[in-house]
Amino acid sequence: MKEAVIVGGSGYVGGELLRLLLRHPEIRVVQVTSDSQAGRPVGRSHPNLRRATDLTFVPLAERRPADLTFFATPHGESMGLVPPVLDAGGIAIDLSADFRLKDPSLYPTYYGRAHPRPDLLREAVYGLPELHREALRSARLIAVPGCIATASTLALAPVVRAGLSADRPVVIDAKSGSSASGRDAGPAGAHAERSNVMRAYAPTGHRHTAEIEQETGATVALSCHSVEPVRGVLATCHVSTSAPVPIRDLWRIYRSAYASEPFVRVVHENDGLYREPEPRLLTGTNYCDVGFASDDHLPRVVALGAIDNLVKGAAGNAVQSVNARCGWPETTALDALGLHPL
Amino acid sequence: MKEAVIVGGSGYVGGELLRLLLRHPEIRVVQVTSDSQAGRPVGRSHPNLRRATDLTFVPLAERRPADLTFFATPHGESMGLVPPVLDAGGIAIDLSADFRLKDPSLYPTYYGRAHPRPDLLREAVYGLPELHREALRSARLIAVPGCIATASTLALAPVVRAGLSADRPVVIDAKSGSSASGRDAGPAGAHAERSNVMRAYAPTGHRHTAEIEQETGATVALSCHSVEPVRGVLATCHVSTSAPVPIRDLWRIYRSAYASEPFVRVVHENDGLYREPEPRLLTGTNYCDVGFASDDHLPRVVALGAIDNLVKGAAGNAVQSVNARCGWPETTALDALGLHPL
Amino acid sequence: MKEAVIVGGSGYVGGELLRLLLRHPEIRVVQVTSDSQAGRPVGRSHPNLRRATDLTFVPLAERRPADLTFFATPHGESMGLVPPVLDAGGIAIDLSADFRLKDPSLYPTYYGRAHPRPDLLREAVYGLPELHREALRSARLIAVPGCIATASTLALAPVVRAGLSADRPVVIDAKSGSSASGRDAGPAGAHAERSNVMRAYAPTGHRHTAEIEQETGATVALSCHSVEPVRGVLATCHVSTSAPVPIRDLWRIYRSAYASEPFVRVVHENDGLYREPEPRLLTGTNYCDVGFASDDHLPRVVALGAIDNLVKGAAGNAVQSVNARCGWPETTALDALGLHPL
Amino acid sequence: MKEAVIVGGSGYVGGELLRLLLRHPEIRVVQVTSDSQAGRPVGRSHPNLRRATDLTFVPLAERRPADLTFFATPHGESMGLVPPVLDAGGIAIDLSADFRLKDPSLYPTYYGRAHPRPDLLREAVYGLPELHREALRSARLIAVPGCIATASTLALAPVVRAGLSADRPVVIDAKSGSSASGRDAGPAGAHAERSNVMRAYAPTGHRHTAEIEQETGATVALSCHSVEPVRGVLATCHVSTSAPVPIRDLWRIYRSAYASEPFVRVVHENDGLYREPEPRLLTGTNYCDVGFASDDHLPRVVALGAIDNLVKGAAGNAVQSVNARCGWPETTALDALGLHPL
């Protein structure tokens, strides 16, 4: 049994971590920090956890060492908090962007500041078990991907790796739900302003561009949209190919890429209501459903990736990475089935 | 390990039963019937269960005897199907209304036909473990309550039992989500017609009136509304009292009623966003959250009950009842925590 | 042509006033005040009005006298601002609660402070033309009703006036959309927290109780709920009657009450999807649809009232009242038809 | 005053036509046909029009000649119905796809049948006044564009016309609301299945590809998604450019393209919640808001077009085209302002 601390536990990602870890047979959460909520029961911030735990938030200053320290903090905060954890022999799992990019020069561009510890960028393992399973087994520092990056990378990687992509940027049009903006979404996140939107909140310039390019090797033109639901990300990846791609080739490519993955399902059906990956089916689960289409009109493949942004796009992916790290079955505490209808 | 058959498994309640039973350590689902979907994988109707099961639907005519036979059939169908199950020594769990009412004379009024087996009405145990736990332990036939009845009865029963209700009808104003209309909701259930509604679909005359009166002993004036979400029931029960009721008395009454119940939580907080029971926090779970308020203006108590209509309001309650029947911990296969936000 | 000023114009009610008045052939809006938005174009706060007006917000301190001064201010602010308007010979239309209640003793109870001008409470005319048309024709001060009060009063008044109500409180269970909480709804109004709710935000103690009792003469037990959509109020009024009420009597009562009303429609159909009043059909319009049902089970009438909370529940009702005051057709600037589907 | 007939008036587009034409000062609707609803009041299908009209549906066979005949029929039906209208000297306005494409060879590809009247394809004027105003002034047959084509074409045309597009396909990622599927959306359109989706219903192969290519001259890779709201289309057009495009150039291009257009607004703000075109602001209006972004990362322009699919995407565009045809101000009956919030 390993002891875990969640730093920055009052937000949505922190809440999901707690939900998953409270049912994890090998992990015991011993502390959840939040300066703003210190002293209050965690169930006040996470009312779904009422009666499931007696934990109360503690101030960050009272944090104790643990086997596993999860950081569900805003970007920029874990940069300083992670090093002492590693120095003390702990394992750090960072759900912010602070250790995701290998190239330090990208931090000023995308996050507005130089990175203080390029050495740790080199050491950090990008927490996507489908791509970095081996490295995760001995990682001290796990950098859990962003939600749009996760859906995009898992959808796109097989196509790029198969050499299908022509020498042109891949256009990724991402749609995400409101919980992706976090608990403090401000005026733009008020229900009366955020409901029913199809909002191009980042038609260019989204930070996850760098992650996707790093992990897939493709050049990426990413545009991000907010749509209605509370949870979910759908990444629609438009890949120009040098020649038309038969659909059976896509089947083969995706099946071979993900045949043994516990959380990636290849979805491409000929009929029914759910022929393509659909995020709402994945709510609360750690699945990433990937799918594809081949265009008759132009040499083009459309690759689709769907996830729950708070689970496979954050907390669940973190738990899966820790499971890989600690030698437990990757599905431990992650075997929930989706809900339908929802 | 007991074997189970689900009759009428292509609807939403059947899908939830399957979702729960696939994770039940003591039950193995051996058949799911659906005449309309016979031969197709169950994942086609329940896309959330992709990869989780290899079952395909079988026609009703091919149903085999089993230890446990669940009926997720439209009202009127299980009346004829249950008796042979019992005759063969099986346990029948009926999620339709066919065996819920003790008084046969109510069937013509509320369901438009005489009941063919009044003897089985007497024998059937109403599947609400909070009220009928002892009888469930030896039941052959379990009649699982309707969703609005479950939320209303659990909210109301403690107040009525405490003798607080003046000699007047209790007004219950129920709100429910779209999945309560089932998979074949027709034109009124089309997204463009059903979205954003506050629809008084049964301002009077709702069938669950009879169940609630039977189970609580109160006279009930029930009005039912459709509101936006896909899942959830909130029952707001307006109880006239003979004198003002101090809030501490309500606390005492509810706490003592439900102190040892695994799935009923008493929710009444002084601040925060979730001061009262809220169905969306319970999505996918078997909880019923109950709450209350006492009016300063008039002698009146407002009792609130919230559930997920497909879980505690149907499939989860059925599983809990079966757990009670079979001597397993009632929480078996029902320990999911809710999701927040959703 | 009359000149109008809107005080407190950056909120939702202010925006609706502006939307309606910009199309009013007899009124010219000369100023819109907002201290927080002073100097910015009104289209920034009300993006639906882009290109429709060149107005910019001015600070309250720069307000000029006008024929008509509309107050779309938070409760408590117009108390002090209205008297100088009247003294200067203007007409004040107050959309806050500050002048709605005739009985000054209710202000401490419901609004936490004594009212400084009981004389003006006596003079103010409650801005519901259906009940106070004659008085409005010469009003100096119009107190526009609250949204829940409007829907409830128009639904309930005919039944009470007809003497059908037994000597018992009327239970009103109201449902309202998120715009009713205003633009600054705080954390409880964040999309991820407010979506999909069935939230009993005021099971007892809602302020509009006093308005409805004042206007109908009934004793009222009011419970208020938040449901999904952005706009709309549905008031379900449960009226105990001394004897069963034939449905034809209800038809007669409602038809005679509202036969000549331009904005009240009696809706009670035998089939179709919209048999009862449904707020979403009324979005953007000044209609109040009222309906009814008679219970077979108990002597009870259910009266239903539906409105758009920002139009008939606020800005539209204000414009209708001003039309009555100024002798213009009441439908002036209010003839929009609803949208379907929505 | 011209007389109008609406053929196929029981669907959503027919309902919107009726809503707009009932307020048109120069047009009188004399008949609305619907075989399935013949004999019933139009308010039964379009409950928003209750009390606004006494029209009842008539069977198609009873249609009479009129000055203006609008076809709101399923694809394939007006092909045969339009010619006699023209022969009788009437003006036909077709809201289906039957006369939109100039190249007859595209009909077998996209609509599965040869076109019987290629001569009328040549004659028909594509009903987008922004591109074909002059031709509309003398048109006998107006082919009103599809909703996704309208939003895409208006967003894209200025960029293409300015020669900015590199010699590569334009990727268009379109999002649309549920009313775009029409009143008979089938099982996929049930509320419990359609809510909260991000559904790639046509990742390739969408029919509007042909319209957009015809009207813009660009090669188009179109992918279409269903998202939550009932109304609205957002077209995100990803245009590869040969060099980075300064934002001031885009401002100039769009402003000069649309400076004198009554219904196209260029939206590109530096702050606020509505920096880019947002369909929900346009609900019920005939506006198309267009916007743009220029990528720093790659030579790329993102062009955005937002509309209400039933208004500017169908019925409103038809009315605007008729206004142009008949020499009335184009804004006649189309001056509604949007609603906010919604």
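Residue numbering begins at 1 within each chain, and the chains themselves are lettered A, B, C and D in the order written.
Just so we're on the same page, contacts are C-beta pairs under 8 Å (C-beta built on N, C-alpha and C of every residue); 3 or more make two chains touch, one makes a residue touch a chain.
Note that the coordinates shown come from a computational prediction; the quantities given were computed from them, not determined experimentally.
By number of C-beta pairs in contact, A-D leads over the other of A-D and A-C. Over half of the residue-numbered contact pairs at C-D are shared with one candidate from A-B, B-D or B-C, namely A-B. Centre-to-centre separation of chain A and chain C, using mean CA positions: 45 Å. Rounded to whole angstrom units, the spacing between the C-alpha centres of chain A and chain D is 38. Chain contacts: chain C has residues 12, 178-179, 187, 192-193, 195-196, 229-230, 273, 278, 341-342 touching two or more partner chains. Across the interface of their complex, chain B is touched by residues 168-169, 171, 173, 175, 187-188, 192-193, 195-201, 203-205, 209, 219, 221, 223, 225, 227-229, 232, 234, 236, 238, 240, 273, 276-280, 291, 293-298, 300, 302, 304, 306, 341-342 of chain C.
Of all the residues in chain B, the ones that touch chain A in their complex are 12, 15, 19, 22-23, 44, 46-52, 178-179, 230-231, 265, 267, 272-274, 278, 281, 283-284, 335-342.
Listed in rising order, the residues of chain C touching chain A in the complex are 12, 178-179, 181, 183, 185, 187, 189-196, 229-230.
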